[in-house]
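Shared between the two complexes below is subunit A, which has subunit B as its partner in the first and subunit C in the second.
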Partner chain A sequence: MITGLVVLAQATADGNAFAQMLVGGISFGAIYALLAMGFVIIFKATSVINFAHGALTGLGAFLVVAFATVLDFPGRFLTSFPEWAQWTANVLTAFAVAALFGVLIERVFLRPMVGEALFAVAIVTLGIDIVVRTITNDFIGTQPRPVGAPWGLNVIDLGWVIIAWSEVIQIVVTVVLLVAIAMFLRTRTGVAMRATAFDQETARAQGVNVGRVFSVAWAIGAFLAAVAGLFYSVFPRRATGVDQATAFIAFRAFPAVIIGGLDSIPGAVVGGFAVGIAESAANTYLGFEFLGNGFPGIVGYLLMMVVLLIRPYGLFGTPEIRRV
Partner chain B sequence: MKGRPLLYTSYEADQGLLNTTSKKVMLGLFLLVLVTIPFQVIPGLQFLGQADWLRLLSTTAIFAIGALGLNILTGLAGQVSLGHAFFMGVGAYTAVWLGGPEDGPLLGLGLPIWIWLPAAGIVAALIGVAVGPTAVRVRGLYLAIVTLGLVFIGDYLFRNWASLTGGAQVGRDFPPLEFRWWKEEVPVIDFTTPSTWFGLEVSGIAKTFFLLALLAGVYTLLAKNLQRTRVGRAFMSIRDRDIAAEIMGVNEFAYKLLAFGISSFYAGIAGALLASFLTRVIPEQWNLFLSVQFIAIILIGGAGTVTGALLGSAFVVLLPRIVQNFTLWLQSLALEGEGLLGAIANVFIATSQTDFGLINTMAGVGPGLSVAQLNLVLYGLLIIGFLIFEPLGLFGIWLRIRNYWKGWPFTY
Partner chain C sequence: MLAVENLEVVYNDVVLVLRGISLEVPDGKIVALLGTNGAGKTTTLRAITGLLDMHEGDVTKGEITFDGADITEEDPAARVRRGISQVMEGRRVFAEMTVDDNLRAGAYSNRDANLVKEARERVMTLFPKLADRRNATAGYLSGGEQQMLAIGRALMQVPKLLILDEPSLGLAPLLVQEVRDIIVEINSQGTAVLLIEQNANMALSIADYGYIMETGKMVMDGDPGKLLKDEDVKEFYLGLHTTGEQKSFRDVKHYKRRKRWLS
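Showing the complex of A and B:
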């Protein structure tokens, strides 16, 4: 990892710094886009502002660690396959379990709150965040847990820019997931979800199983959060692996949601990449001496404030219609 | 109106602070208990006079002040804010700038408490009004995330402004609770060292407790009165239906800004007192969790009610201690208890490195949650539980008890 960072630093110093910045920004932005998209899908389908998204990310990342390195399930039964295939099978199982946890959380804690004030439901998710995050952290322990990604620290050196393999895989996976979700929204279940987002009661009257839509939305949200958690825990992001701070990444993705507009899935993607690139640019061009420690962490929020001053509902959000 | 104690013939009487005999009696008893706690005279409540419990009660008073502020913004005006911790931090650092030592390595002017305490509130209020226009422009759920942003931006500023805050993970000492007229060598009243008051021996922590309880009392009265005025009613009308309020002539923008200002004032005062009470505070103290604690306080207590804010503060501050005592009790049962009770306790407590249990009293060793983690989980579950089962909070439970006894024995 150290050598990788040195190589990256050299490329930033004497290579094409802008291209390098863009690569980092896009791959970081992909993480934010995944988180923001899950957040928006949950919000659209269930009208829940999900402050527990960070907990879902941490939980998903921990499940990846648990299935890929500790349990080695189902990889241990797939001995005839190559190692990377076993790892992929483990990770996919972890994603599925993470999605199940999402469904479970919605079912147990949020189903009784249907119809309550949005604010009250949002605070319930804050409570869920505390509970899930504390228990996950207890399992994670004090030391970071590597996820054991098969591509390791390998990079592709194009001369003018250096791209880590994990960044390539991550961007490909993100694009595939974006397309998959766009296509899913055109399926029967997807249409039901859009109808529910539009008006829960009317959707119900039209025969949509609203409860099932809620479950599907939370499954997708938790799944996307777990994918984001995995990519956040590999080189060149945090190569040491999953630790107790992994869950906080979601708090940096909230501005992406607001920039795009709370109820816009394309907006979430645009916002995610915007925040990722802005952070990367701040990291590259605004030095530590000038702005101190942790400035990239708040770039997204500053960007959000600016966007909100111009457009109070984000770039693509629907203005709320106010009736007496 | 003899014999008809609950018949009100005027609005003033209906809105009276102490409009029933039982309210007067209960307030009197409550004040009596508060005053006598440090002297350990009331049988059964003597343990509250011990130094560690007095510390908890003092913290409760500080949290009550902060919670009253958030209650005005969230409970009365209906604006969800996660930025309370930021304003508390602003208050604390205003206090230390004005009240910190002049000759130290960090910023400080050495001014007395009667300057730095109100200033902490005023500066926080001004900053609240300054960021207000952005916050007031966005509505509902967007606001929660904007104020969340405030906490993160504040955290960044506090960590990096080392000449004021002492720097990340280092922090600095805050001015103690002492009263001086100006910069005298010896304070006129020192609220942290033992002395004799009116012929009674009073310990340092008892004096701190009296001061903080008095301040909490004053701010409670102010909050309660605010609720009964034109401003308070305007806040509530905005909360209940903002467009209807505007049509009735309530200037929504101005009143939301005012709610932000007042709430930030309370937060600033609470932040300054908390920092001063804890003596040394690191910049990371003013984080999202503190904000969530205040949200939890007003929700558990009962949003929109002053009594609820007080009950909630006591609950949230004392909960960790109660959980700790409970865990220790379970542990002693698991280790020494025999028969069924010991067996049940053993399920919950991990007594050794290899033993399985939900709770582990030796942090970091073996499986199971530590006491601190258990506290967090209970916090979370309580927030969830209250919102699902008792949206009116502790105040709602109290209302039900009160209404039951009001009609007793004819409760049907």
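Showing the complex of A and C:
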């Protein structure tokens, strides 16, 4: 599918437009990849698809706004540092608080559900989504809230393609987080997480504290959602900032999760980039005439359906193991 | 080392499964716990390892002590750290993970890197087959290999007490013998073993002491010699006639002995 789109693009467009399309696709894909990794890490530990991921994204983005522009904490105490460093410190604090919120939500709403049927737990996450999103939206208000990113509207003009600084940062951060999380899953806690996802009782029999595993997974998931929420709220995406619709981006990342295969971190990243590029290509080459301007928004879902027809477990997902 | 006293377990607040059982596993010994299906063997195991809560079970009376400390209410992770390790019924390997990662999961409570390395070497010498298949996905191992992996995984935390729940279940007779030899080997290296079995022949051939459970009660205990001589054990667990011959279905006109202990 991807290669098909690429070939189509090369045949029909000039190189510059193609390169621009790829840059846009990859950087948007990075946001999808971050969201997809969040879905995957929670799924890996709890075997539950987290329907509250949108709310976590909105909450994370709002926390960034709150710490970076409203509270200016801890930046206001770091006056000897340059402004961008203060801003970064603020944002990192916001990420940490977002992770704490993830732990809190897990502790209050999901810990009592340990050992219950998985579909019931999934429905609980739906409820969490509504509650958290409503409360967050109340704080956000009706006007978009800019995040005050220090790179602003700056771009790098290479002549044949224009890249925004924010896009460079997005891609670098995503790759770094991918490597970090892939490494984390090989550690002792990571192995415990995979064991818990497969069989809670047996994991407990090995001395794994299942509750702590869930906490860690939700902390990482909420952290990744907050990072994605930040990148979605800066130029060239929605430069006006965080508003009540920010949370909905998580569901557009859903095809990325399924394409990658629900329980694979590399799969989430590949899926994220695939959906990003597919949407970008649709935007560039199909234009308004083909089924209207909303069409690129569903290209990801089309891609998902095609992948599921060929590989029902996604590209990198673990098929259910059954010996015959 | 492990002592269970007057243990009473209730499932779902109403189903009384264990009616005050007591048993003891001394240091470095093999103790066999025998019983038919539904006798409460696995429930006893769950009470000892702390996994009752996942099955809506509760200890309503009695206590479990390990090395003198009362562990009746401790969470499973704490009991594992004390040195109680279990091989669950039906193997329960992490099928989607590799053999190596299964062993690492087993070593979760063992935070000393050197000890983990030693434990891994010990497991690899006990089960050379696992060494060959380190990077294989556990779910694709044969049943026998999965049982080896489950035992190996339980050894990774270097337990003082290893509890095995029906390790011979679903294995060919030759493999049952292999498992038995391995249990003896593990025990000779200083680990106490509580062996929960239906295969009385196998269990009593290596045990230092045996308990027999029926419908949530201990009905008999003693050393294997005594148990093997008992008429009821012979008839109901070893399938032998009072004369010591194998029973045959040709012998249809046969009146079953009453179990005297249930009268």
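Heads up, the rule we're going with is that the second predicted complex is superposed on the first by the 304 of 324 C-alpha atoms of A that agree within 3 Å, B and C clash if a C-alpha of one lies under 4 Å from a C-alpha of the other, contacts with A are read in each partner's own complex, and residues count from 1 in each chain.
By our rule, contacts are C-beta pairs under 8 Å (C-beta built on N, C-alpha and C of every residue); 3 or more make two chains touch, one makes a residue touch a chain.
If you're wondering where the values come from, they're calculated on a predicted model, not measured in any experiment.
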| item | value |
| --- | --- |
| Partners on subunit A (subunit B, subunit C) - clash or fit | fit |
| Superposition-derived comparison: subunit B or subunit C, residues of subunit A touched | B |
| Subunit B versus subunit C as contact partner of A:240, first or second or both or neither | neither |
| Subunit B versus subunit C as contact partner of A:254, first or second or both or neither | first |
| Subunit B versus subunit C as contact partner of A:318, first or second or both or neither | second |
| Touching partner for A:143 - first (subunit B), second (subunit C), both, neither | neither |
| Touched partner set for A:209, first subunit B, second subunit C, both or neither | second |
| First (subunit B), second (subunit C), both or neither touched by A:199 | second |
| Closest Cα approach, subunit C to subunit B, once both complexes are overlaid on chain A (Å) | 14 |
| Interface residues of subunit A shared between complexes with subunit B and subunit C | 322-323 |
| In the complex with subunit A, residue positions of subunit C that touch it | 49-51, 53-54, 75-77, 80-81, 86, 88, 92, 94-97, 101, 104-109, 137, 139-140, 153, 157 |
| Subunit A-facing residues of subunit B, complex | 78, 80, 134, 137-142, 144-146, 148-149, 152-153, 155-156, 159-160, 168, 241-244, 247, 288, 292, 295-296, 299, 364, 368-370, 373, 376-377, 379-384, 387-388, 391 |
| Subunit B-facing residues of subunit A, complex | 49, 109, 112-113, 116, 118-124, 126-131, 134-135, 137-138, 142, 251, 254-255, 257-258, 262, 291-295, 297-298, 301-302, 304-305, 308-309, 312-314, 320, 322-324 |
| Residues of subunit A touching subunit C in the complex | 115, 188, 191-192, 194-195, 198-209, 318, 321-323 |
